[in-house]
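Order of writing sets the chain letters: A, B, C and D. Residues in each chain are counted from 1.
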Amino acid sequence: MKKIINNPENYVKEMLEGIYIAHPDLVTYTADDVHCLIAAKKVEGKVGIATGGGSGHLPLFLGYVGEGMLDACSVGDVFQSPSAEQMHAVTKAIDSGAGVLYIYGNYNGDIFNFDMAAEMADFEDDIKVLSVVAGDDVASAGPSAPGEKSTRRGVAGIFFVYKCAGSAAANMMSLDEVKRVAEKASANVRTMGVALTPCIVPRVGKPGFSIADNEMEIGMGIHGETGIRHGKLESADQITDEMLEKIISDVPYTAGDEVDVLINGLGATTLDEQYIVTRRVSKNLADKGIKVHHFYVGEYATSLEMAGMSISMLKLDDELKALMEKPANTPFFKQI
Amino acid sequence: MKKIINNPENYVKEMLEGIYIAHPDLVTYTADDVHCLIAAKKVEGKVGIATGGGSGHLPLFLGYVGEGMLDACSVGDVFQSPSAEQMHAVTKAIDSGAGVLYIYGNYNGDIFNFDMAAEMADFEDDIKVLSVVAGDDVASAGPSAPGEKSTRRGVAGIFFVYKCAGSAAANMMSLDEVKRVAEKASANVRTMGVALTPCIVPRVGKPGFSIADNEMEIGMGIHGETGIRHGKLESADQITDEMLEKIISDVPYTAGDEVDVLINGLGATTLDEQYIVTRRVSKNLADKGIKVHHFYVGEYATSLEMAGMSISMLKLDDELKALMEKPANTPFFKQI
Amino acid sequence: MDKSYIQKLLKCIKDIMAENRDYLIELDSVVGDGDLGLTMSDGFAAAYTAAETFEDSDIGKLLYTSGKAMSTAVPSTMGTLMASGLMNAGKVLKGKTQISDAEVAQIFSAYMDGVINRGKAKVGDKTFLDGINPAVEALNASVEQGEPLAAGAKKAAAAAETGYKNTNTLLAIHGRAATRGEASRTLLDPGAAVAMLIMKAFENSIE
Amino acid sequence: MDKSYIQKLLKCIKDIMAENRDYLIELDSVVGDGDLGLTMSDGFAAAYTAAETFEDSDIGKLLYTSGKAMSTAVPSTMGTLMASGLMNAGKVLKGKTQISDAEVAQIFSAYMDGVINRGKAKVGDKTFLDGINPAVEALNASVEQGEPLAAGAKKAAAAAETGYKNTNTLLAIHGRAATRGEASRTLLDPGAAVAMLIMKAFENSIE
């Protein structure tokens, strides 16, 4: 395990201390617990948006707390949910009467704890809490029936849900409206990923799985969940086309549709490679008559030092487009 | 070699095409050559700032072209200088009468080509060109005698030189003044790095050097140049303290000094680790009475997918501090 | 029975989880991430510590408080589910300082309901429920027939063990195991093993 | 001699670099990044192509143009230095359409000056200069003594080879090799090998 760390037991705590040192103007914490991260500035009357999840995915999840996006994030150990108590603590800190929306990824532990936290906030503090669970990974399960909850895992596409909901809240929309927007974004975003190498959870000290030399795992989850196929490593163009195929057929798209696209690096994959993929996405979509409104390229949701990348696409309408365009200022995402 | 690429011969060209697709509002190119990258908006009467260098270091060098920083970047093949002709082409494109400043890292190939380009611009177009060569890597050579050129390699610390000079130019200072500011920033910045794994140049296909399991190379250059010592991988706190020791004793610092600090990931090292280092830097400097004005944390200058990181420190005075605080909007660096 | 019995029950659960820590780690390493031995021993230790030092004689509040302590200590899937079980048992028994054998059985029914409410799984989904559900049924039947609690506890423990042993015929549809699809079927479910251990601890607490 | 000789000279250099491509790659792989065989064969090929198709009879302009073509084709250390050599020779001979033996020798002096102006290295720094400098001295001495150019070229080629062979006693202080410090001393310098090849090509061009 080649990592620049101290005692693995303190990995998350020390990382968080670094976060507060580097971004004092944007984030702070509540309940005397560094895992309970909240925005430095509270906007009175605004719907609060909280997220949370395991560590090991920076800039997810905490990196999107700040102006114009999220108000809080409870932070768990690497690949582990934070506790309901921690979620409850940030909920109390960010509510200013307009209620709180939870937006988080579709994982068992997170769901159970966010549900418990919502009950606590309701029972103990009379705070109205609603939840939107993001499940954008088309590789993780088939589409769910209309009205049914997605059984798909949440991955990098949650960025779009954060951004749309964050802009809606900044526009002083009501809790129900912010939830509607988050659900709309969530319903219109799809992600596919590919992994080339495993990653190492610091407390475990060795990879939890392996990918053969010269092989790739298409559709692997961000904790190493099995993908939909593994095979020989192909060219960037081939990989991109296969991933887009899966994304596009799932929605489906027709010529004239407009999208925002996120090309996301999982950790060790260079920005060069991400731009080589960007180039192919642009060509592929142009051929289908799908118009790209904006490309976001970089590390938006990682799996520690895993090599690999994902493509997320958000199908836009006028409302989502306007919300995506609003400025934001967080430790990891700044839009001017 | 596990990379998401097409034909390695097209690596840089395809990467650049992706850049122009993703950031059309910020950058474009001149001379019909994608390697000749210039800012999308030209500010009349402003001193132009051009940089350049080999690929494989994104966001260096091209990622800092945009509003409030650089005006052009000529882009070479991986770890290879661009040509004098390409530098000459961007020079012509960005000059608006106030002259052009070249800022680039201290490498043979780059120096020879920038010098040749400056002669061409002078001879052929009567454009006044001055140059500042950044050499911030304290591990690469001893300090140079007063008035002598630094024999040190340029690494991540060039970010500070770009930012200070870019702000000075945006303030419509003269060419001589912008050069003075760049030289002052350059004289006050020091960097130390550590590498944990090698990287692979796409056209070569295999690592150019190796670092034993459980070993690290303190002071290794961003192309794999030999460091000042290799040894067993130590804790984040130990590594940080050793690097700071080298940086601080080179300047030297005294209690009460104020600095900007850049914690830079080389490619595969997680943001978590960079924040764990941030935490230690903060403690270490606080003990010495050195005040941190601002931390910059993330991948600012990489070596493809190398694992490792570097610490850069810029000693501030009132002028540099004000220049560092100005807003900027480039593909990779946005400051609000 | 009063609060001291509940404390004893939680001590028995905590002890059995500590004894079976490595066993659970091993089971969860095959299908999941291997943390179950740690989360169950740490989690029930936290629940017991909260119960042991609890001042009030309200059995419901004691159960609720120990559940909340567990949820804070181990926010994993099973940690939160077990905490939800304790908290729901607490809500159902709120206000009681003395409980009958039937009410002891009710603790386990309520515990199971708490897990179902939180986890939304069904019997047969290859989870904790496939261990606890046959045990709760056996216990309720025994108590209804007027048998002594010790007999019911014994039957419940046996039923939980059988339920656990049968999980290697079921397809996982929740959590990490589900990502393996059909490959998960022949494996034993770690959560159901926890149900078996809880019911064994219940048996121990009556002897 | 007129422009056609210069074209022949550049053809000889281009040919010898193509023949020694692998030799230069091997040399540069030991101390540097291994690209020298590619950059020298590609670079002098570009220089020759520009010279071959050059319309004007001005020898200076021809040299300058071929140098510029080379700098565009191969912007590496040696690529840019060799281009600078050609361009400086071009500046010095600008306006000439016919040149004497002494002026042929001047091409090499000017070439070396161009490299020195660009690279700021000194003889003894374990670079190209340690191959070219003894050759230029030998050539100038021979021409001054009124020997035929063929004799001078032969002496120059021999001097360059000796200079190159002696570089394994020098400490590198420029470029990638310098990062190895003392460990660089016993190695031969690839750039000096290029000087030897250029002078051999000169010898070939006269025969």
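Everything that follows uses one rule, which is that a contact is a pair of C-beta atoms (placed from the backbone, for glycine too) under 8 Å apart; a residue touches a chain by one contact, two chains touch by 3 or more.
Since this is a predicted model, take the numbers as computed values, not measurements.
Trainee: My parser should flag the chain pair with the most contacts; which pair should that be?
Mentor: After counting contacts between each pair of chains, the winner is A-B.
Trainee: Between chain B and chain C, what is the gap in Å from one C-alpha centre to the other?
Mentor: Using C-alpha averages as centres, the distance is 58 Å.
Trainee: Which integer distance in Å separates the CA centroid of chain A from that of chain B?
Mentor: The computed centroid separation for chain A versus chain B comes out at 30 Å.
Trainee: So what's the Cα centroid distance for chain B and chain D, whole Å?
Mentor: One centre to the other, that is 33 Å.
Trainee: Pairwise, which chains touch?
Mentor: A-B, A-C, B-D
Trainee: Hey, which residues of chain D end up touching chain B in the complex?
Mentor: 33, 35, 68, 71-73, 75-77, 80-81, 83-84, 118-119, 174-176, 179-180
Trainee: If we count contacts the way the header does, which residues on chain B are in touch with chain A in the complex?
Mentor: These residues of chain B touch chain A: 2-7, 11-12, 14-19, 21-22, 55-56, 58-59, 194, 196-197, 213-214, 233, 235-237, 239, 267-279, 282, 295, 297, 299, 302, 304-305, 307-309, 329, 334-336.
Trainee: Touching chain C in the complex: which residues of chain A?
Mentor: Where chain A meets chain C, its residues are 76, 79-86, 108-109, 112-113, 115-116, 140, 208, 221, 223, 225-226.
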